[in-house]
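Both complexes below contain subunit A, partnered by subunit B and then by subunit C.
And then the complex of A and B:
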């Protein structure tokens, strides 16, 4: 199982495109990339989950950890997700109250 | 919730080798759910819940010695019901705080939102029945999803 991660830029935001399955095996790769971005000075981050086929609680933990890091730098972390099955995961765990979730990268980067 | 594992030929069984094996377990279960005509949304619910239980079994239900018994998953899928039983041989208590997601659950400046322990919340939110049986020989997480049939 592979997790694809590509990083780009939209305005002042780092945009992390994630593709594949995020679970306990692959989540460390995403965690490392997000830590790297923050340590390099990117504190406004958009994580695009449109290419994610699977997400579990370990992946949620990585996103929460990243949110904590960017907030420590007075930054932001927004998500892009329109997939009902993935949105359901955020709703059940109450994380829709924690993460701004947008339909497009442009919306997320403009928020 | 009771599965007669040894007596029922329709029950499938798989040992959980390591974290990397979870994708293959999901692939097998997804194929069977598809074969039973389960809709993709309900199938996804099952796969997330099963992964949560298997993750916990792998992280906390195994002593990591070579001869320790591996955690196992047993499952049975019909057109109207899917049952999953994830069994480990640990005497550690299964709880919200034992799941890997708990570690990331520090305060993030949102006092009205409890963070962490997502695994148990997800299993309970996605499945129709969730039971955690803790005994002297280990823990079995029992998950049941009922499908609406047209």
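And then the complex of A and C:
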């Protein structure tokens, strides 16, 4: 399955809608997109994971790397996720304390 | 009791194939959906670790996956017979160095949590494999 990535804008936030499976094969594509956004000047980013069916540590590593990049530009990276199976991955790895995780894109962009 | 063995190219593109195959086997064994998701994630982690390790070592050995469906447990083994690395970790796999170190820690946390037992076992002649054990509930 290909990883689908669409980028939009809500207020001052770049919103990255991700669909499919984020794993060792597809994670580099997400990493490239997030690096591109930051290098183009977007430092407040929302990553919408509602369309993600699978997430592994490679995908988590990409999100952590992106968080470090936006923080270096005094920006923010928030996530949108309500799926129990994906939230479980964030809880096990302790990343619920690292990322703001919201129920909707609007909430995330307003935070 | 069923035993299934697969050998696939040790490349990231094939990891999904292993996840889907083992999820299908787990479904056939009557595992509940949440346990299947946990197993898929754990197997995905073991495969990703093995594939990245092979890539760093410059090896091209196939990724070997073995499924053992026993009465009281399911055992999955994932590994490669590649020589062990003596050099530092090469992080040219698409994840930056800080992200890669973080990834290993997170992968270990997922493996420790999602299956009942995860151990690394040495192949005779070189290489490592992960042995994941999922205990099955006793029949009512």
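Operating definition for what follows: the second predicted complex is superposed on the first by the 111 of 111 C-alpha atoms of A that agree within 3 Å, B and C clash if a C-alpha of one lies under 4 Å from a C-alpha of the other, contacts with A are read in each partner's own complex, and residues count from 1 in each chain.
Operating definition for what follows: a residue touches a chain if its C-beta (ideal position, glycine included) is under 8 Å from a C-beta of that chain, and two chains touch if they have at least 3 such contacts.
Since we're looking at a predicted model, the values are computed, not measured.
Undergrad: Touch check for A:85: first (subunit B), second (subunit C), both, or neither?
TA: both
Undergrad: Quick one: is A:98 in contact with subunit B, with subunit C, with both, or with neither? Answer first, second, both or neither.
TA: first
Undergrad: Going by the contact rule set out at the top, does A:71 touch subunit B (first), subunit C (second), both, or neither?
TA: The first partner, subunit B, only.
Undergrad: Just to be sure I read the superposition right, which of the two partners does A:19 touch: subunit B = first, subunit C = second, or both, or neither?
TA: In the superposed model, A:19 contacts neither subunit B nor subunit C.
Undergrad: Which subunit A residues contact subunit B in one complex and subunit C in the other?
TA: 1, 21, 23-25, 54, 56-58, 60-62, 64-65, 68, 85, 89, 92-95.
Undergrad: Can you list the residues on subunit B that touch subunit A in the complex?
TA: Subunit B residues touching subunit A: 19-20, 22-23, 26, 40-41, 44-45, 47-48, 51-52, 55, 58-59, 99-110, 112-116, 118-119, 121-122, 125-126.
Undergrad: Along subunit C, where are the residues that touch subunit A in the complex?
TA: 12-13, 15-16, 19, 34, 37, 40-41, 44-45, 47-48, 51-52, 93-96, 98-100, 102-104, 106-107, 109-110, 113-114
Undergrad: Flag every residue of subunit A that touches subunit B in the complex, lowest number first.
TA: Spelled out, the residues of subunit A in touch with subunit B are 1, 21, 23-25, 54-58, 60-62, 64-65, 67-68, 71, 84-85, 88-89, 92-95, 97-98.
Undergrad: Can you list the residues on subunit A that touch subunit C in the complex?
TA: Against subunit C, subunit A makes touches at 1, 21, 23-25, 27-28, 31, 54, 56-58, 60-62, 64-65, 68, 85, 89, 92-95.
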